[in-house]
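Same chain, two partners: chain A is paired with chain B first, then with chain C.
Our next item is the complex of A and B:
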């Protein structure tokens, strides 16, 4: 075997280990009935922890809430970002560039400052403790990521295809569905999965704006992790991971399932 | 007239790109918009096609010309990469809500007319440059437009293919009877294809005329230099008599210049060697595919000609007679 190939395999193994090892550890924690020092592996395995997790009254509402909020945030973010990115992608004026920077503010400012100040406004608007409130704050925090990806996608795509379609007599809506959407699909899919994952894993904004009335998976997971109940924290983490994968898979089907990229 | 552009202006911020453009395009006519890159030729096409707003001026369609019947084909073709050849060509037909039966008939005809048989299911990245060009043209012509706007259509093709595609366009234009506004900075292309040329630079139309007219009688020195292939010989003009040393020539003097002036002689001027006429000293004479390239000294000026009899020998002192009357320009 050549040296370079050996090196490649080694690197591949290293990367795989870095991904698999923490997940294995989560499995061990969540299925262990007894795991005491100095044992390397759990001394006894059982599904007790999972039983406890599923029987918790907040478990299923948390899973459903997480999905609803993350999908709604993805939808709202995409609906806002797609036309906005299209507009800003081809603007050269300084004033437009300035507005573009304002969209990136949530990335620059500390999250806690944004969340606490938003909470005051949301209280006045009676949005705290509502799904709408949580979806809005998640959208606000996710928009910079979506915009960044979509702006670059639009810039790379250029205006040539849509101008050609227009010259051939297509109407704006049909240009969007037949030309822009399929050609921008990789960027749309990336940004949508990004939003879904970010929204799914939000703790602070959900906690502050939800006011404890709307429970999501991170809200259940974090206290266990903080209090050293690693078994439950691990089982929740694995459920969290599974749910995220399911969400991303659904988005892939919805966005990229009908046609994927070029037809070949 | 089919298309009439009058007093058109284009401004980006303080930068004035096009100033007071007026011209007309008749049915079945090929117009070449010729000028250096970056003078706003593409913007002009976009405005005619209705995909860029007009700052000031009017673009009017008369007779059976219309905005809907005007199609712009861009330099980079912009074939939709996720659609195959047939899907690309039918895109405009579907957008215009033609029935499936009509679309099938039109596709069948156009695929044959454009020699695209066997490529129907191919995607753009599987096609050669020439095939992509043909699909882009087919996609426009299948809509049976009255006016096609071509933005540097053959710029991305190599020499041989360019020639083939130009002939192809000529043939199609005769078959389908559409007018063409062709943007180009390729002189050969403009001369070969155009019925009329519009010379555009500094944001203004410098001259509109038939290719031969522009070649032999450019409106000013800038036009002559843009076309290239120009000799300028200094002398003195009195009415229509131009004097170089002791020789006098009868010339065209459209701007009625008096005193010091330049005599314009294009490289391709038809020249006969005679016993009398304008004296010249042959410096060199070499064969080239476009004709015998002869370097001569007329007065103190070194000139190049490509349409002289090849029988002359270096260091020969000869006398030149011009078959077409020459033109003077201000110095």
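Our next item is the complex of A and C:
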């Protein structure tokens, strides 16, 4: 028994190592000044590549645009999903499977088909090349994840607390802020984090709806990765990951920091 | 009660407007109504072209192959990994395992290039160990015709996703059933097929649908790691839509609708199978 436990532990450790190893490669590449073929370690380390990246004219606009779009998408998704998830969680007419299909439809229908088709419509509405257009399409693509997490959170929370509060005469708005929000906070934080990361990593919708006018980090990263410029692509990837960590941290402060009602 | 229903409206509005508008526009143009370039005759020629052209057929077939292989392998390995996660409850290891879920596909594709391309770290290691004499002796694992690199990226992303999702379900289920079955003398395979699978199959089918549809139409990964002569549907659609020539648009929209249709059919088939399998009719 003890032995099999050790074996399992070792196996899982191996899987974790396999996951971490390629990420370390990114660090090596981003700090390498020279790394020719058969060498296992870079011949020379330097921060030259980061310097080059920061001096690119598109770098800072891309970082700022990525943040603006991802935060806006997070906000819009939460505003749309919170009430909808509440309704779906407590209604009794539709089956779970049916709700699941409605929620997952944006994941089932190919993103490229929906994006390219909506580009034509967005063109007519003058939404291409605008932040609003990009945020709308990002929200559409992120909603399944939010809905899935929030629906599960609402189901676990149950209706009891809010029903009690209502029978004691609380107004819907104060029920939301004093009961639902604090109790649902873990689910809200998880789903907001998910939206932020997913919106941050979108390439296709930003490319098609942004029409080249709005650059984000993935739009800069993809060409470098495609041209085999591993150094720059790696440094962009790490900046990308750093930015998502910063974003998640900000979300944690904002969502975890609004102290209304009971503390958990 | 009515007021509550209003709460779903904004969500449904965004979803259905985007989906219906996109599909309607696509249907209109693919059927040959495209006044912008002087087309206004309704016909099915574009669909016939898309379905009979060997180029489209090949890219549809290739995408199906990639999606099915990646999805089945991820499900198998992911379920296996989830049982490992149940047994070894070390939260730092669990955190590392769930890391790939939040990595974007572009970055994973880049990492895979650095790992298994001909000039990648594994090839360098083989060279140093004397296993290969020249860079060309290392097998072509990315940009290859079998799509090994593409599948590798999806496995890296999706195995942890399947594992973490299944782990969450396994934790909720009464694992006591497994103990009971064991006590009653059931074999491991019997326990898996009669106890665990019926409890898990709904989740697995949902995962299958999501993963298949995603890999089938994913763009970034085959764009970065694909073989130039084996295009996937997403690349074909991308090429058609980025062309300045508007006359190919109706075909592009027909392709869009065909791939949407394939995803819907797969979803329907998977859901039907889920209903037939043990555990399907019982209400959750």
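By definition in this document, the second predicted complex is superposed on the first by the 230 of 264 C-alpha atoms of A that agree within 3 Å, B and C clash if a C-alpha of one lies under 4 Å from a C-alpha of the other, contacts with A are read in each partner's own complex, and residues count from 1 in each chain.
The rule is simple: a contact is a pair of C-beta atoms (placed from the backbone, for glycine too) under 8 Å apart; a residue touches a chain by one contact, two chains touch by 3 or more.
All of these numbers come straight from a predicted model, not from anything done at the bench.
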Contacts of A:55 with chain B and chain C, given as first, second, both or neither: neither
Which superposed partner A:8 touches (first chain B, second chain C, both, neither): second
Dominant contact partner of chain A by residue count, chain C or chain B: C
Chain A residues contacted in one complex by chain B, in the other by chain C: none
Chain B residues within the chain A interface of the complex: 46, 49, 51, 68, 71-72, 74, 76, 78, 80-84, 91-92, 95-96, 123, 125, 139-140, 143
Interfacial residue positions of chain A with respect to chain B in the complex: 160-161, 163-171, 174, 178-179, 182-183, 259, 261-264
Chain A residues touching chain C - in the complex, by the definition given at the top: 5, 8-9, 11-13, 15-16, 19-23, 25-26, 29, 37-40, 79-81, 83-84, 86-88, 95-97, 100-102, 104-114, 116-121, 136-137, 139-140, 143, 147, 197, 200-201, 203-204, 208, 218, 221-222, 225-226, 228, 230, 233-234, 237, 240-241, 244
Touch list for chain C against partner chain A, complex: 4-5, 7-8, 10-12, 14-15, 18-19, 21-23, 25-26, 29, 81, 84-85, 87-88, 90, 93, 96-97, 99-100, 102-115, 119, 121, 124-125, 127-128, 135, 156, 160, 206, 209-210, 213-214, 216-217, 219-220, 223-224, 233-234, 237-238, 241, 252-253, 256-257, 259-260, 263-264, 267, 271, 283-284
